[in-house]
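Got a structure for you, written out below as structure tokens; questions coming shortly.
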Amino acid sequence: MEETLMDLDLKEREEYVINMGPQHPSTHGVLRFETCLQGEKVKWIRPHCGYIHRGIEKMSESLTYPQLVHLTDRMDYLSAHINNEAVALCVENAMGVQVSDRVKYIRTILAELNRIASHQLWWSAFGMDLGALTTFFYGLRDREKILDIFEESTGSRLLQSFITPGGLMADVHPNFQKRTREFITYFRKKLPEYDQLLTGNVIFQERTKGIGYMSLEDAINYGVTGPSGRGSGFHCDIRKIAPYSAYPLVKFNEVTYTQGDTYHRYLVRMREMWESLDIIDQLIDNIPQGPIMLELKAIKPPKGEFYQRVETARGELGVYIVSDGGPTPARIRYRTPNFSNLFIINKIAAEHKIADLVAISGSLDLVIPDIDR
Amino acid sequence: MQVEQLTTVIQTLVPEAQPGISKQYPEFIIPAARLHEVAKHLKENPDTYLDYLFCLTGLDRKDGFHVVYHLTSTKFPHIVVLRVILADKTNPMVATVSDLWKAAEYFEREAFDLLGIKFENHPDLRRIFLDDDWVGYPLRKDYKDSFTLER
Amino acid sequence: MYDFGPLVNSITSWLDTTFSPFWAGLISMVLLGLVLLAFYAVLGLYLVYAERKICARMQNRLGPNRVGPGGVFQTIADLIKLLMKELIFIRNADSFLFNIAPFIVIVASIMAIGSIPFAKGLQAIDLNIGVLYILAISSMGVIGVLIAGWASNSKYSVIGAMRSGAQVISYELSVGLALLCIIAYAGSMQFSEIIASQEDGWWIFKGHIPAWIAFVIYLVAGTAETNRGPFDLAEAESELTAGFHTEYSGIKFAFFFLAEYMNMFIIAAIATTLFLGGWLPFHIWHFDAFNKVMDYIPPVFWFFGKTAFVIYLMMWFKWTFPRLRIDQLLALEWKYLLPINLMNLILISFLILMQWHF
Amino acid sequence: MALLSTLKEVGNYFREIYQGVASLVNGMKVTGKYFVKPSTIVTQKYPENRAELKMFGNFKGELILIHDENNHHRCNVCNTCARRCPNGSIEVIAKKVVGADGRTKKILDQYIYHLDTCTFCGLCVPACDENALKFDNTFEHAVFDKSKLVKVLNKPGSSSITTNE
């Protein structure tokens, strides 16, 4: 092999470059970290994305609003309901219509269930990243219960396309309330087990405490939102800043820590699961009656530009619709949380060990299709 | 800060700034040449303190390329939208704000990748999603390729 | 009762009388080698199956259940698959070292098995420095791992191999010192004599608390030495994809895989022999009726039962704990295990000097 | 004082070890508990449990054109579903026939459904004014050839209720 100038330069400093990804067990998808190592120590990381770029924004320009909703599931596939809700809210606000309280309640419950399911999968995968393989199965076992609730009402387990501009595709199943209740009692028993297995573990704490420190300034500057940002004390919960759907009606805490390390990003998500359970608990018994779909002649937002922020399981999702008054958007832009969360990795993981890089990228909870769209 | 106060702040800074298209947030159309200066002022002014850029969008409109900056503050609840209209469609160029908000560096790379808007003084202006040898900028309205779904 | 000595002696004497000394030696060697190899292969496959079943139960799963009743032939099917798979050759790899590395690893573990006493008289060779021999041989495996990592010409493999080297060299100390505690108690390095010294009680019971400490340290260090459990940094699936055997495929990969499980068996077997009385049955002092019943269970069962228990413990660790980082791994050895071990050894010497042990 | 602080450090050293080991044992309790409880196993033995495996009623398996017992469907070739489909997964092919009264009518020739490009967004079912479509609960769609995923939904010999009147 011919040695390039760069190789020689690296050799002199006893550094070398490895590619973590596009196929690597801990990047959770087709993401590539071009990582420069000196022994075990990470010198710098250059993230390369675009391996799963499908041009959702471009495709959406030729689809009507109800049609383009089903593409948003495929961005952050772990919070599909919340992505759908973002588009639905943006279109409804643009048209100046209000959905019924029943729809608002159901949307919020589905979104919170989705958030729990997403955090469960993250917990499972995070344990795997650190080498505790059993967490994966416990997390997925409990996530299955939520997916059953989704499947019974919406017909799909992962990519539901259930929330649509103007309301919901269908009414929820009669069993919805009962099953959700059952899940709340079930999962309140299982969550302490998660802590017992992983959070309290001395190896886990050693691996995560003080690792990957992200300062508040960095979090704001890079736009790191969601649980990752809140671990650094960034009050970025859109559910609190700009409440939408049924969030103004419920009481919950915005979970923040100021320490900003991997362990506290972990804790934010663990406590958020409790908070989400509380939100569902407040809403599930009080779902009012009402129509599930607005009687709209055509879903055509007026000419203008509209923006909607929602809080997905990973941070702030922005939907920016530029409408010319037609049935299709002139331009639709998704400000996805993972895109902003990804690029801080060089800042917080440099000068750590290679094992820490895996822990840190796990604690950012990256979903790659959401980065690439 | 209220909309009126924001308007006065910006009007005193850039007299030629115009109220924007959208009614949702207070929006101002800033001349491209003065964008960086305005952004810097809005970020550092303790009354506005717009330290969090949550969205940067490139648009292809009839009157040229737009670059839209959604700004908010972690201290105050106000949101400000800045808009730059680049009438020159062949060589759209605007100063980068990535030195003020690090998040902009990657949003700008995306806008460059998909719309071909060039950002001056950007530290690392490469394509972010598409291959380096990709021809054209897909989100432009005049972009044609063999895969575009005809309806 | 259940003494394999006469049986073995009769075979050797028959060989000696029928053949010339050279041929007799050769035939007995070949016989032994074949028996050990068969035992090695069967046990390795069984251990893989056991691990898969055990971890499945811990994870609310069924585990392999398709091939044969309860999936018992799953690992055999896997082995056949691995045998038929293509051996991928890496263009820039050092082909000689690349090919020899799996054999070094597997030969080291086969050699170690030779001196393990499975039952009275059922031991390929009863060296008078048995413990030392095991220590020496089992650390030979890491040479194979290092060669594999280096010769693959892959960065992931090199990182894995270097981790493994640092890890095994450090943990060798703790394994040695923990075993030294029992050697001090027993006063011998010969396995048969160590077992004989436990006729009146296993060292884990006779040796007071220091023996317990030594046992725990031995388990931890032993797990680390086999690159397993929370110490699988050399493979580190989520960091290095597969560490030192990233580039191996087919039967060469199977060798590494089998050697890992057999090393686990060897570590457990030595723990059994030194701490848990080897093939000796469980006795309760002055409870003769119970002891009589225990005596009727053949020693081979006792040996494998105890070994299985230790192996289960090691699997339990592996499927519960997250992986350590390389610096934490070394800190655990040099800051915790080694000082405690040294203090423990001094304590044991003191106990022996004062004649306080049973 | 120096001695006291040293003692404290030694105490901390051992407390650290104790707490560490305790946390590890705590974690092992969880896995140990599930190991001894086979009733908690959640694995489903899929091909064996085919008989009792029931999907939820709403499950979106594949699109079907509803046929009644007389082999009638309700499609009147309005093409709304095909226009609603975001992926172009539905093709409605009409043919012209001369009716009994001598007027030419458009009736359904083939209702082609591309299961391979369908994303199960569910927009087609509510789009149909005649309620002619629904999602079936079948889920075993795996085939060896992609062309087998292109299905003709109207059964051979079937006719529309609306055209028969």
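Observations on the model:
Should a chain be cited, it is by its letter among A, B, C and D, assigned in written order, with residues numbered from 1 in that chain.
The definition used in the following text is that contacts are C-beta pairs under 8 Å (C-beta built on N, C-alpha and C of every residue); 3 or more make two chains touch, one makes a residue touch a chain.
Small disclaimer: the values here were computed from a predicted structure and weren't measured.
With centres computed as the average of Cα coordinates, no chain lies farther from chain C than B. Centre-to-centre spacing of chain A and chain C amounts to 45 Å, using the average Cα coordinate of each chain.
In terms of their C-alpha centroids, the spacing between chain B and chain C amounts to 64 Å. In terms of their C-alpha centroids, the spacing between chain A and chain D amounts to 22 Å. Put simply, the C-alpha centre of chain B and that of chain D have 41 angstrom between them. Shared interface positions of chain D, defined as residues touching 2 or more other chains, are 24, 27, 30-31, 42. For chain A, residues that reach two or more other chains under the stated contact definition are 134, 141, 197-198, 201, 203. Among the residues of chain C, those in touch with two or more other chains are 58-61, 319-321. In terms of inter-chain touching, the protein chains here follow a pattern that is not a line, ring, star or complete graph.
Annotation, chain-chain contacts: A-B, A-C, A-D, C-D (touch as defined at the top). The residues of chain A lying in touch with chain D in their complex are 63, 66-71, 134, 141, 144, 148, 151-156, 159, 161, 169-170, 173, 193, 196-198, 200-203, 205.
Residue ranges of chain C in contact with chain D, taken from their complex: 54, 57-62, 65, 316-317, 319-321, 336.
Of all residues in chain A, only 1, 16, 18, 24-26, 37, 40, 127-134, 136-138, 141, 197-198, 201, 203-204, 206-207, 353-356, 358 touch chain C in the complex they form. On the side of chain B, the complex with chain A involves touching residues 21-25, 51-55, 57, 59-61, 68, 70, 74, 77, 101-103, 105-106, 110, 114, 127-131, 138-139, 148-149, 151.
For chain A in complex with chain B, the residues that touch the partner chain are 49-50, 53, 55, 57-59, 62, 93, 218, 220-223, 225, 234-235, 241, 304-307, 309, 316, 318, 320, 322, 330-331, 333, 335, 339-340, 343, 372.
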